[in-house]
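So, here's a batch of structures to check.
Heads up, the next two complexes both have chain A, just with different partners, chain B and then chain C.
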Partner chain A sequence: MLDFVQTSIDGLMVGGLYATVALGITLVFGLVGILNFAHGQSVMLGAYVTFFVVSAGYPFWLGALFAAIAMGLFGALLERAVFRRTLGDPLAGLAVSLGIIMIVENLAAAAFSPDPRFVDPPVSGSVQIGPLILSSQRLLVLFVSVVLIGGFNLFLQRATLGKAIRAMAQSREGAALVGVRVPMISRAIFTIGSALAGAAGALYASLFAITPYMGATPLTKGFILAALGGLGSVPGAIAAGFLLGLAESFGSRYLSASFRDGYGFIILIFALLFLPTGLFGAGKARV
Partner chain B sequence: MNRSKWIGAIGGLALGLAAGATAHAQTAGTIKLGLIGSLTGPHSGWDAPAAEGVQMAVSEINTAGGVAVAGKKYKIDVVQEDAQSKPDIAATATQKLLSDDDIHIVMGVLTSVPGVPVATQTAKAKVMYIGGFTALDGIVGTPGKELTFRALDTDQTVASGFVPTVVKELGIKKVGMLMPNDDISKTVIKAYEPLFKQQGVDVAMIEYFQPGTTDFAPVLRKFQSQGLDGLFIGYADPDAEAIVRQSLEIGNLPKKFVYRGGSGSPAVKYADKIDGFVWQILTRDLASPGDDKVKAWIERYKAFTKKDIVSNTYWALTFYDAVFMLGKAMDAAGTTTDQAAIAAKLKGMAYDGVRKMSFDANGRAVTDVDIGVIKDGKTYSIPEKIL
Partner chain C sequence: MTGKVDDLGRAAAVVREPVRGGASQKILTLFSLVQFAGLLLLGLLLLAPLLYGSRYVVYLGTLLALQATLAVSLNIVMGYAGQFALAHAAFYGFGAYASAIFIRDYDMTFWSSLPPTACLAAALAAAVGYPSMRFTGGIHFALITFAFGELLRLVAANLHGLTGGPQGMQLSYAPVPVLGIDFGSARGMYYLAAGVLALSMIIAKLIRRSGFGRSLLAIREDEVLAASLGIDVTAHKVAAFSIASVIAAMAGAVYGPFVGFVSPEMMSASDSISVVGMLIVGGIGTTSGPIIGTLVFVGLPELLRVAKLYRLVVLGLIIVVTVLFVPKGLAGLFGRMIPTGPQRGR
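Let's look at the complex of A and B:
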């Protein structure tokens, strides 16, 4: 029983991180209609920003804040310079984002070297809660992920921009008719999605190795989650993130760790067979 | 600069040019050496220094007038291709090298994924190949691979001295093994598990993780509360560092690590938090060299590359000696192009370069290596005399 609880908490801790990445993907794809494969690069660059800020002697949290801001700006730039021109042509958008992956990845490898880097986490060691032994840093990552996700939901419900995003999610045309500036909202969504990726990159950096090639894993998992949760569905992405974290944790613990990434795909296949629009998807975006 | 120094400098330059012209006049020809490796991509940490080692050896040989073969001197011209850490690119790059009729020997590649297509294609084209990657162990010595060599010791060779040293240094009694799920790991475990048992160490559990795993917490949980006092881990630095770090992070796990890998860097940052970390320095210890030849090589390396020594620099030494050995084999065979004759001379040849090196009858290198240890917050190395 103890083992079961411990494995569940491990899964939730990583699941929070996955959900943060998936949020950005589901927003950009579900609401703006851009299949941004370069989202993983924002996670990677966010991790490097954090690494350099922390290496310069500043606190981790400042690094995470810088990562979110820098990636938000990076996302806005990409949207303005590249993705806006591919809006009507998803295939072109896909090709462009693949090109961005190659460019960013190789530039990062040239600039930062392919050697893995590790960021000193803000907290270290483990805490014992009764018989449970939990990693302090992972608990912190779970806490921050929940705060980010909760804060984002609050933003969607309360802020004017959030309400405009929700209006656009219900009907792009309807939102435009009532005065919502759809292109501006699209840009905002892209910026917010990238900022979330930057923040997720900082959280990744506090747990895992940073390399120029690290973007592929969060990207793959992020897309699985976005599809699993229902494209454009914020609650779906969050639920799917935690579900994947639990599936990987239980699968690795009780079945085989050598099939870790396969568990997500198994869930996705079953979910798509029985819930074709995803866990929370109803055929259109839901925020 | 005063007048006498100017005259000296110009005189030196003139003498240098004259010596170069003389050397050129005496050069009988050029040996084209194919050099392949991942200069970019995630495997470049291994192959870029390896390529530097080849270039450095070639530069020194050429500066000395070239390779002496049957009384004539041949300069070496390196033709380099980037495998980009990808097997398909490695295959294309190999084809490019093989399309040059003057290239009879190809060297390089320390990682198995891009390495296998290089070894396969060079063997098919009957071109001599000296690589370093682990999967090459299963290739050298097989029919049709008579021209294929591995410049690194096999796991069997290294493990025979490594395991007793590890057991003595760390005082371990019960270990768990955690490796990526691939053929290399299975070969490694096959080599090490019986040796641990011979040393009276109980190998209590063996687990494999998916290659590319970043989160080891779930699989590490399996090792908790098993009464283990050591973890045998492999075989890439990023995995090893992640395992060490996450073991400390989740707690209740052994703090002694046996690393089937070539660098102490995964544990350096955690030296004061762990009880021990032992790894294989597959050449000589460059961080704290005790050998004058190694010390001199380090200085030459720094001068040639304009770089300082880092943990991966020793991959440069892997191929450095092999280039000189190749030249010696050419001289012994009396040819620069007859690969079968050169290969025959290389097999069984003993070479005393920066380190001692030989190739067995199948083409597998046997060299002196060092074992690195981090214990009680201190880092040191133990020479493992194989030759």
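Let's look at the complex of A and C:
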């Protein structure tokens, strides 16, 4: 029983991280219609920004903030320079991002060296609640991702920009008709998605080794989650994130740890067979 | 927003192609001349390593032929059917592993290991393709194949008993001589690789000209319309994906004894991306595109002679620039300079 609870909490922690990545992907793809495979590289760069800020002696939260801001700018730049030209043709977006992956990954490897780097965890030790022993670091990650996700949802529900995004999700033409500046909102979504990836990169950095090639895993998982949750569905992406975190945690505890990264794929295959429009049957764009 | 009607018309025209049938006149004129020149050039390229025979040139030629086979086969599913398959390197690696394992554990020869390897690759492709290709638009398929490629790599790295784990397998066999060609030598392997390339190009060409191939083009142009014309869209897409994957697996089976080594590295996502890049740069859906793209992707880095990291950066830049400014690829660019009668492919 104790083991079960411990495994669940581990799963939720990883799930929160996944959900943060998946949110960015589902927004950019589901709402703007740009298939950005280079999203994982934003996570990677965010992790490096965090690493350098923390190495310079600043606190971790500042590193995470910097990572989010820097990646937001990076995203805005990419949108302006490249992805805007692929609007309405997701496969062209995919093709372009494959090129961007090659450029960013290898430039990063040249600049930062391919050796793995580690960020000192911002908190250490563990918290004991009754018989449960929880690592404070993991609890912090869970807390930060829940705050990010919650804050983002609040923004979608309350802020004017959030409302405009939701209007666009329902109908691009309808939103344009009532005065929503669709191209501007698209740019904003791209920037926000990229900033979320940067923040997720900071969280990744506090848990795992940082390498220039680390982007593929969050990308694969993020896309699995976006598809699982229904492309463009925010609640779907969040639910799918936690679901995958739990599945991986239980799978590696009770089945086999070496196939940890494979469970998501198996879930996705079955989901596509039986729930083709995503967890909540949203199918397309529901925020 | 270039009217939907245009697309419909184009798709319908593709399907009706055989009925018009008036292209035969033009086939005999300029187009065939250009095509003939291209084939001649390719033939010369393929023969070069035999005449000018340093080990390096033969090695490079073999590698080029195998990579070009990957690009040609990917073109069947990506160029004709318009579906982004992002697991091509994984199938390449799968073929190398499967053939090597059949030879090691089941006492097969290189040649007899090919049919079961092909069957397994086809079954695997169908199992992955069916759930993801029921959707229109190709996004799910791209996502699934991307994840699937990573899964295959993971399996190869973790099944230590079967695959040797992350260190890979050393292979020490050569195909049994056929027609007096000794495949134990570098030159023999080159003949084999060139043969595989020629065969895959013939298969691709035959498919392009068949009713099946025209149905694929119709699907690429408009899936809904293709379905309304009575084409079983999912079955066609799955078949195209399976054929492409089997050819990739066959190229992989040749790659194994060629380098004498297989490892999970061979199945990495970036290698699958490279093959897609070759098609994009060369020209998706054209006959010469995959070959041109391979020459750029394999040849350019050899010419550049800079650190591997920067070569990949340059190739990445080439992909981005091509997609944004030359969407039809280099083949399309050449095609525009030489008027070739009716527009073929996209």
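Just so it is clear, the second predicted complex is superposed on the first by the 286 of 287 C-alpha atoms of A that agree within 3 Å, B and C clash if a C-alpha of one lies under 4 Å from a C-alpha of the other, contacts with A are read in each partner's own complex, and residues count from 1 in each chain.
Keep this in mind: a contact is a pair of C-beta atoms (placed from the backbone, for glycine too) under 8 Å apart; a residue touches a chain by one contact, two chains touch by 3 or more.
In this text the structure is predicted, and so the values were computed from the model without any measurement.
Because the two structures share chain A, they can be overlaid on it, and in that overlay chain B clashes with chain C.
In the superposition on chain A, contact is made by A:Asp261 with both chain B and chain C. Contacts of A:Thr211 after superposition: chain B is touched, whereas chain C is not reached. Shared-chain residue A:Val82: touches chain C; no touch with chain B. In the superposed model, A:Leu91 makes contact with chain C only, not with chain B.
In the superposition on chain A, A:Leu225 makes contact with neither chain B nor chain C.
By the document's definition of touching, neither partner reaches A:Ala38: not chain B, not chain C. When the two complexes are overlaid on their common chain A, residue A:Ile149 makes contact with neither chain B nor chain C. When both complexes are overlaid on chain A, the residue A:Ser124 reaches chain B alone and has no touch with chain C. Using the contact criterion defined above for the overlaid structures, shared-chain residue A:Ala109 touches chain B and also reaches chain C.
The residues of chain A shared by its contacts with chain B and with chain C are 106, 109-110, 258-259, 261. Those residues of chain C lying in contact with chain A across their complex are 82, 84, 128, 131-132, 134-135, 137-140, 142-144, 146-148, 150-151, 154-155, 158, 269-270, 273, 276-277, 280, 307, 309-310, 312-313, 315-320, 323-324, 327. Taken together, the chain A residues at the contact with chain C in this complex read 29, 35, 37, 82, 85-86, 90-92, 94-96, 98-107, 109-110, 216, 220, 223-224, 226-227, 231, 258-259, 261-262, 264-265, 268-269, 272-273, 276. Chain B meets chain A in the complex at residues 40-45, 181, 207-210, 212-215, 217-219, 221-222, 224, 237-238, 241-242, 245-246, 248-252, 269.
Those residues of chain A that touch chain B in the shared complex are 3, 6-7, 10-11, 14, 106, 109-110, 113-116, 118, 121, 124-126, 133-138, 204, 207-209, 211-214, 217, 248-253, 256-261.
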